[in-house]
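So that you can tell them apart, the chains are marked A, B and C in the order they are listed, and the count of residues begins at 1 in each.
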Amino acid sequence: MAINGFKNHPYIPNSVPEVQEEMLRELGLNSLEELHEEIPDELKLKENMNLPKAFKSEYELRRHVEELLSRNKTCKENLNFLGAGCWQHYVPAICDEINSRGEFLTAYGGEPYNDHGRFQALFEYQSLVAELVDMDIVNVPTMDWPQAAATSVRMASRITGRKEILVPRAMDREKFLIMKNYCGPDLILIEVDYDKETGQLDLVDLKNKISNKTAAVYFENPSFLGFIEENGQKISYIAHEMGAISVVGVDPSSLGVLAPPSEYGADIICGDLQPLGMHMNYGGGQSGFIATRDEEKYVMEFPSRLFGIAPTCVDGEYGFGDVAYDRTSFGHHREHGKEYVGTQSALWGITAGVYLATMGPKGMEELGQTIMQKSQYAIKRLSEIKGIKGSLFNSISFKEFVVDFNETGKTVKEINRLLMEKGIFGGKDLSKDFPEFGQSALYCVTEIHTKTDIDKLVTAVEQVINM
Amino acid sequence: MKKLGLIVNPIAGMGGRVGLKGTDGVVKRALELGALPRAPQRAKKALEVLKEISNEIEIVTYSGDMGEREAKECGFKTKIITAVENEFTTSQDTINAARKMLEERVDLILFAGGDGTARDIYNAVKEEMVVLGIPAGVKIHSPVYAQSPLRAGKLAKQYLQGKVKLIKEVEVLDIDERAYRNGNVKTRLYGYLNIPFEKRYVQNRKAGTPLSEKAAQNAISLDIIDNMIEDTLYIIGPGSTTRPIMQNLNLPYTLLGVDLIYNKQIVGLDVTEKELLKHISDKPSKLIITPIGGQGYLFGRGNQQISPEVIKQVGKDNIIVIATKEKISNLQGKPFLVDTGDIKIDEMLNGYIRVITGYKEQMIYPIKT
Amino acid sequence: MKRIDRNYKVRNFHQAKWDEPIIFELSKKGERGVLVPKAEEEITAVVGDGVSKIPQHMRRKKAANLPEISQPRVLRHYMRLSQETLGADVNIEIGQGTCTVKYSPKVNELLARLPQITEVHPLQDESTVQGILEIMYKTDLYMREISGMDRFTFQPSGGSQGILTIASVVRAYFEERGEADKRDEIITTIYSHPSDAAAPAVKGYKIIYIHPDENGHPDFEAFKTVVSERTAAFIVANPEDTGVYNPRIKEFTNLVHEFGGLCGYDQANANGLLGVTRAKEAGFDMCFFNLHKTFSTPHGCGGPATGATGVTKELEKYLPAPLIDYDGSKYFLNYEITNNPYSIGKVRLFNGVAPVVLKAYAWIMSLGSEGLYEVAKVAVLNNNYLFKKLMEIDCVDAPYIKGKQRVEQVRYTIKKLTNDTGITTGDIQRRMMDFGMHYWTSHHPYYVPEPITLEPTETPSKEDLDEYIETLKHVFNEAYENPEIIKTAPHRSVCHKIDESSLDNPDEWAITWRSYLKKSKA
């Protein structure tokens, strides 16, 4: 059977047979089959691929995909308390408006002249995040927070020439695995324990594990388990004493109310931009950032692009370009030195910029405060239920917290199944990643939750644990 | 006010028009054949460009033919440092002038001439100054020369204005003139000079960050050092590519000579073929060499100490070629060349060789005789 | 009325220029862009202000110095910036060679913005995400058919992360065999993407580059001298960025297999090969596709994206978890792989960028196998048409396989033009912007001197191709007749020639507005 093409396809102007004939004549060819002459016959497919027939119209395609997607249940129709690295925040309409602009959506590798707007928007995103974290350098975004953290510790390793990275035991296991794969085989991740009561990083264990081989101490604020890590200054001090670099991962939605890590000794700050204007997108809204001070030794270690502002030959005109484009650091170093750049998540960077410009200082402050009030309210109300501890740790939480269900006699899995029947997505089951907690779940409350929502959760939990 | 040193080799380029290959040592003959000076015109072309900033610079130069005339004709503020006495200027005059300019601490020496002139400048100032050549000679092999007088003028202007800030170390190459007049082209590496370096922008915004030449050389040296085997003699060939090996080991070195390392200690500097043979006779040896830029000669150009006998005793498997990717790309697909003087050895080298181009990074490259 | 004469070949273009301030300059104290939902009074009554519980030393003392701007002004600012960006939606995309910038259908975008995908949390119970799981599972099946591989992961969120995944699988495979230390070399070619070397280097591999032979094919004789028991893998693009297809590819992969190594196929250049030839038949064990290139999802200024990575059955157990499976009645996330201690674990959070996979799925479903084949044929037709027309221009050449066809792109050289006029390919690039065109040179270093890399894809019409060709001709003529206009270009783009000297100077570079305010002097 000969392979046939699909003529007159709307996406392919030159699928019009007459045009093809004209172009083929220009090439001295008779048919499309005479193209690909360099590919040996034995490597060529002899039949059409076994794929479903194409939809014959855009309408039919749309109906089909809409029908498939209708099998998803959303966090709009249901009440969602899942977080754990992807958080449901309000996305101002303006964010979607800008990131669906065709010019931004379909741009890629143009020059600072014809893509001036892309360069400026990303420069502004860098500048806005810089204000939030109070640092002078921010990169064009990476894939996600774990990628940003992995690159941050690799940067630290290049700067110090050391290979051991201390990370909290109480971190996201997915993030740990990503960092481990990206850092291996050169760098070794060593876990530092947490205090059983407070969840805080165990400073004694940290002191035991840190040495002159330690390149970086990585910790998070708020931590993966939601509480505010209060010993940032001490941790950074311990790291610096040993000549290591203090790397802090941060949820930027907290920075309207929480001190930026630069205030407690962070040398490199990283985190996820998803809370700043990205929908959850089934995990597709993640985007990592890295920030440092404006010191050559840090700047030269960034594997990411860094857009800078520059004058043009016309007075009063802003221009942009890649800073230190010939960044050479990777080649100087030995086996633990190398990294690469590539397509990551620039559109989310632009969106985060739009979000921060829209929220302004007041918006970020109010956001932080609202989240804290609502999460504290949820903890308090849940704690009122017999058999439930609203927060496993006695530290103060930001927007997530570990709810302890051990005394209910039910597993989180069971509870979540029952909650789902009531239109509620319960928190992430921690029993696998943190077996020491028994039956506990990580709940997330943000500004989108109303009092009614939280009350509904509390009522539902009370019902299901007694079912 | 910036100070620009100007040296015009008035006789450079005269041989070409009358069929002599270079003017070194044959000025009289050239003049008799009716040769006309070419360097003054070319120097003026470059100076024309600098006129735009004439109120920002002072030209420091020699009297008469060696720069004064061109500088004054272009209307520059000019300081004459010495008068030339001889009827024909000699290479000694170029050397003297450059040395004076070194003392005067000029910001840049702009010189018009050919390969011979560049060698004279090198002999006078080595790498202590930033220089730039205006191509005017018959032979131009050295990359110290800009592509044209116009470009030399532009680059000099940008450097003096502070718009171009980087400098680059480039090879001083020249051929053996006597051999050349007999029809043999044998280019040799004589040393290195620093020239202003204009980076090309607006390129390749999509992928990885290329290494600068210096960083790439450093990465190569780390690869070499980390893989050094104990109780093995390392013969380090000449060139700036091999230099970071010595620097990173904190060892003395000769840029143009062949140096020897054993267990990361220096055991010979600028050794002769005879000394080499003695050293390798009783130890396993490895030879680290780099091709000459632009031409790709591995042997037979500027490293004659590494004789066919030395190569034979070391063996092809123990030859380590190092070169930056930039250097390889400049060959534009042309293979490495060898001209050891021994056809058998040349044939032995024929084939492919691994080239270390970075840390844990190699290329396979052809060698043709 | 006089008929308006439109009979000119080069577009009288001028890009939007808004002379837009930096966002901070728009700040006006007191303005708000959006109001945030606040805690209800009842909540405040129960928990107070919420923030005084934060330990004093952990509280932010000074509000972040973000701008204060009302909503219409923020919107206007970013709308203007978008207009100052030359996306594929407004441009004849030929000039971003190697990037496969093609039409991204609007209907796919619309579907990916439905709440049934945007408002879905990645940790939701499988029963609540059957739609997206089915889409991902089916896309996996289609990718298998298109490549001949046995299983795909969509976690890698870009081409480079796809290569990293391949390199990680290679490492895991040899770790399980106890050969990881011995197998320390990965072979690639100088015309493959730089990430084919850079990403494996992250995993500690020594990289060995093969140069092309006189035909532009990777030099097989050179290759034979390096493949050995130390070879972990051969990772290569085919065609490479020259558009030259290596017809002996099977010999290369066979040789690597003889020595026990693995072969990874960088399919960034797959657009001309859909339905024509596959990774499997060429002997590869792994491959990746850039869904944002070949499968039409928009580039988004550089992501979010997906580097869908496929492997053979034998290598499946090393993939990152979870995989997406179907048990006959429902789709589910399969974590079985995590039981394999040699699995590489994870490369990106959750399951990658789901909306991108969704858009690729919709694209495939709008074309079917016949449509994909047509895409490849037309992409190659367009490219060879462009190739023929450009080679007729005196100053244009393209090294290798003279008179033969290229696949989906060509790397040209205008060395002659540079020799004749002093105008470089970088200068031409800036001038092309004056006509609203992209133009790309090459990765570094330039093995082809004064390079241009052009890739038309299936998207441009014949008229589009002709316009691009006429514009190039026009600019080349200018190089000979009026070089100054090129040297000082661009003139009709958003901004003029940038003084880039500060960008490399640590005392002057300004990567953020606050840094610019500190470092710049009046």
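Remarks
Basically, contacts are C-beta pairs under 8 Å (C-beta built on N, C-alpha and C of every residue); 3 or more make two chains touch, one makes a residue touch a chain.
Chains and their UniProt names: A = Glycine dehydrogenase subunit 1; B = Predicted polyphosphate-or ATP-dependent NAD kinase; C = glycine dehydrogenase (aminomethyl-transferring).
Bear in mind that the values here come from a model prediction, so they are computed numbers and not experimental data.
Of all chains, B has its CA centroid at the greatest distance from the CA centroid of chain A. The chain pair sharing the most C-beta contacts is A-C. Computed from the mean C-alpha positions, the centre of chain B lies at a distance of 40 Å from the centre of chain C.
The centroid of the Cα atoms in chain A and the matching centroid in chain C are 19 Å apart. Once the centre of each chain is set as its mean CA position, chain A and chain B turn out to be 50 Å apart. Touching two or more other chains at once are residues 96, 99, 194-195, 198, 201, 204, 429-430, 440, 498-500, 504 of chain C.
Touching of two or more other chains is recorded for residues 108-111, 321-322, 325-326, 335, 338, 340-342 of chain A.
Looking at chain B, residues 199, 201-202, 206-208, 210, 360 sit in touch with two or more other chains. Taken together, the chain B residues at the contact with chain C in this complex read 147-148, 151, 163-166, 199-204, 206-208, 210, 325-326, 328-329, 332-333, 351-352, 354, 357, 360-366. Residue ranges on chain C touching chain B, taken from their complex, read 96, 98-99, 190, 193-195, 197-198, 201, 204-212, 214, 219, 221-223, 225-226, 399, 422, 424, 426, 429-430, 440-447, 449, 498-501, 504-505.
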